[in-house]
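Some structures to go through are shown next.
Note that subunit A is present in both complexes that follow, paired respectively with subunit B and with subunit C.
Right, the complex of A and B next:
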């Protein structure tokens, strides 16, 4: 990635942050939470208006990599990611993106700059905010621990399996 | 006795006058005061009720208006907050902030939705309901667009979000704004109508107040005028009666005095020298002197009865009463050539009263019967037991004459002191007009009653009604079927207890 475009993108992000209305604390400024999570399944969630009920793991990877831009209902796909430091994010990076944090950042900087990727994932500061984001955005897709899921969002099967199934692929390692 | 006869009658007349004035004045004044107070109290309660109602209505209007306007103001603010928060989400790429703005927008829209639902529940008038339903529909339509806009913003489709908001959101929100303004106007309209109602109530209260005071003033004035007129009339009547009384007494005094003087001069001048002439002249002097003494007795007795005398009440044999009365009038009856037909029921119980007082009353009735006889020279005296008007047993002693009867116009007035019928005066029947008044006073003072029945050309029957005295064998005390305590309180007499050993 050339240094100038990367610099411009960084500058744009800083400017957008400065344009935020006063009185609201920037959520990204808060230190990321770390949770001592035992081994458990990572649930993939979508907006309740989303008709998709099942995804193959390959389709899931394409969606997260920004290679698929629209849902069958026409809504734009928007990926919701946790902030760095969360075990859920580590699992997604490891199992779905198969990238490190640096590779992930570079991948989307390059993709958005070249226009190959229409929109980079939204980074959200907590599971609750991520859940609300998915609830509000019809085209959103994200991930949560099963214990953080409620009725405001819908769980998607991966390869026909639910997180409670034994052969469910997305499992968080307790490290 | 001589001393009593020489007491001036002026004191008695003054007492009568004072009593009459008090009777005429006191009850009417008290009644007037009660009526005026009652009217004023009723009016006051009415006006206080109206004022409380008006105050309650004003408070209700104030509270309703303030609450309604505040609620509408909150709704307007929250509606703006819903839209403002949605649009804030456009200003940032930060997903966390966008979620916060979305939360704010949804919280505000919940408050608006609840407010609209509350308004619809409270709406009563058709216009309020219609506007409320329209507002609810417009708000729902706007929220659907708002959800789309929020979703597009969060999906980073900013251009589409702005397009949707401009094409649908702006116009829908404008309709919501107009609906809220109309709700606000309806609140104002309702408050104005209620204010008109309060004004009407207050006006009615003022009219009631003025009307009531005017009525009280007019009524009071009329009553005072009536009382004054009545009082003046009574005083004039009393003065006339007093003048009649003086004239009558003067006449009654002068006649025997003239006769006595004449007889005395006849003896002194030697016109009566023979023994028979001297006896005749002496008889004239004695008769006229007795008549004079009788007249003075009547006047004194009247004065005494008007001063609430105390009588010694006790059981009295009816036959004893009649016997005493006939004994005291025997000379008159014999001299006038009257026969007395007496009818007394066998086994009559004892009457409650004062023997000499009742006998005196009966004497007056007998003397009257003699005085106003139409030439038949017959008097009926009867006694019997009968039911009183209160369904108690009473003793009735009646004196029936054979006179010309009393005219219906005179009948209501014959017991008034000093009253003498014009017909009697014209017939030159001497009298003071006190006999019946005295009889009535005596009987009422001992707890009895005096009544009269008269028929023109047939005669009159005066009846003395007396309570029956019953002997309580267990206690040995004598009691009356009448309420003696009441009688004592009213008549100020003493109950004499005749206990047998």
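Right, the complex of A and C next:
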């Protein structure tokens, strides 16, 4: 094959692979869950003063990506992230951000530089501290294992579903 | 201030402990007294003595209960004081958070945010970007050189919940092989909500995609440099990439389409000799430049941004008729962490008053790259074509343009999270001149 057509064909293949819906690629890449693996849902929590009770997954993604800066009640959105190494953070990076740690860092570095993103997420060192943080900050949103949630914070439905529902999207792989 | 806060945090707890100790001490005292009384009772006989002892014990119990109630009331009072002290700082929390970027928070700051102080409010947040290159090309009169590129200090400060100050303080090549510093961007922003952000100062003009996506950071760019079309004014660029004025931007309610707008009014680009390209303090004429940009970020294709912009200004060169300048730009950019495909095209129209025809300069570039681990090979092809009698670029901007087109191929290697090495080969065909081949090795970094 001559070089130019070969180059064009290669570019076309790359483009097609890149333009395929990310969810499909992601689902195929996810390791299979065994029957004995306990189901661990990742709960999205907000401050109790936040009137939001339900978010679509697309809205959740925009909030975590920093594309939404205010809640309906006027409070500024503050995303609370766990420190690297926690399974909860891995799940959020994989399912919501669809990024690696490095990509996540670069994304916020560039976003704050260009002005698209008003502020980077806040990183917290343990589930208990994250829960306290969300309890204290009116505009905070974060995530916890369902077992770490208590009455001090509000659980937000995602696409109308609670973590206990079967079709709830955010699940932690115990690999 | 912080010690004071820590004091208010810890003080009620220590008082509580102290109260418990007091309570235990009182109970022990009661036991001791009662034991003494009971010991004494053994030496006495008769019903009267028993009755007196019981009465004495009952009085003592009542005293202890009263003391216990007092202590409980005191503890409750102290807890209320503690809550009252903590509450105001909690509501101020978002303001503090805005200046921290991914900084780990300790338990104290997470549990109880420190009180706000003026000093905290004006803290500067600084990030830096820089690059260092070794490059050479076949153009006559040039030599291979080591070059320190732009050192960009990106400084921000959240002045309040809605106001932010930011600047790009850039150290770059100046006249006579020296450095010069330049405030490339100086903005005071007011973010009312997602639909309205106002900014005043010196900004990057929202023409096309590249100018806003990469600004002065070479580190963010995949390639070693900007496309011809988007070179900065002081590097021989033909676009008004900087402007001084007012900007409004935000999200247009449009559901999954993700429509955004940017509207700008500014001094525009200088067209008289002796003036800096960017009119920082004085506009050479009363006419203001206007720019309107619309773009969409549809949910259906993450990373895709499609948009266009219209820029309009009137140039007033010395001893020449005024020249209307209109810049139409359109683009489709797919920028994902692993894949990038940028496509931009624009037309610069110069219309001298009194002349029957206009001069259109079309240009475009396409750039594609994909990351494989730490490696990112990329390819760019760019084109710009100005007519030989174009009245502005050479005679007003002192920038020869003509026809330039050709590919660039390169490889970016991210050695660490903050250091990237880029190797790029450029081939540029020119009208009336020999083509130029160039090679550049660049070290880009963020700090």
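Things to note:
The criterion applied here is as follows: the second predicted complex is superposed on the first by the 136 of 175 C-alpha atoms of A that agree within 3 Å, B and C clash if a C-alpha of one lies under 4 Å from a C-alpha of the other, contacts with A are read in each partner's own complex, and residues count from 1 in each chain.
In this section, contacts are C-beta pairs under 8 Å (C-beta built on N, C-alpha and C of every residue); 3 or more make two chains touch, one makes a residue touch a chain.
All values reported here derive from a predicted model rather than from experimental measurement.
In the superposition on chain A, contact is made by A:122 with both subunit B and subunit C. By the document's definition of touching, of the two partners only subunit C reaches A:107; subunit B does not.
In the superposition on chain A, contact is made by A:98 with subunit C only, not with subunit B.
Once chain A of one complex is fitted onto chain A of the other, the partner contacts of A:69 are limited to subunit C, with no touch recorded for subunit B. After superposition on the shared chain, subunit A has more residues touched by C, the comparison being subunit B against subunit C.
In the superposition on chain A, contact of A:138 is made with both subunit B and subunit C.
Contacts of A:78 after superposition: both subunit B and subunit C are touched.
Of the two partner chains, subunit C is the only one that A:58 touches; subunit B does not reach it. With the contact threshold set out at the top, residues 19, 75-76, 78, 119, 122-125, 129, 132-133, 136-140 of subunit A are in contact with subunit B in one structure and with subunit C in the other. On subunit B, the positions that touch subunit A within their shared complex are 88, 91-103, 150-151, 154-157.
Interface residues of subunit C, counted against subunit A in their complex, comprise 90-91, 93-94, 97-107, 110-113, 127, 154, 156, 158, 161, 164, 166, 189, 191, 193-194, 212-213, 215, 217, 220, 256, 299, 301-302, 334, 336-339, 341, 368, 370, 414, 417, 446. Those residues of subunit A that touch subunit B in the complex are listed here as 13, 16-17, 19-21, 24, 26-28, 47, 75-76, 78, 80, 119, 122-125, 129, 132-133, 136-140.
Of all residues in subunit A, only 11, 14-15, 18-19, 22, 58, 67-70, 75-76, 78, 81, 83, 98-100, 102-103, 105-110, 112-115, 118-126, 129-130, 132-133, 136-140 touch subunit C in the complex they form.
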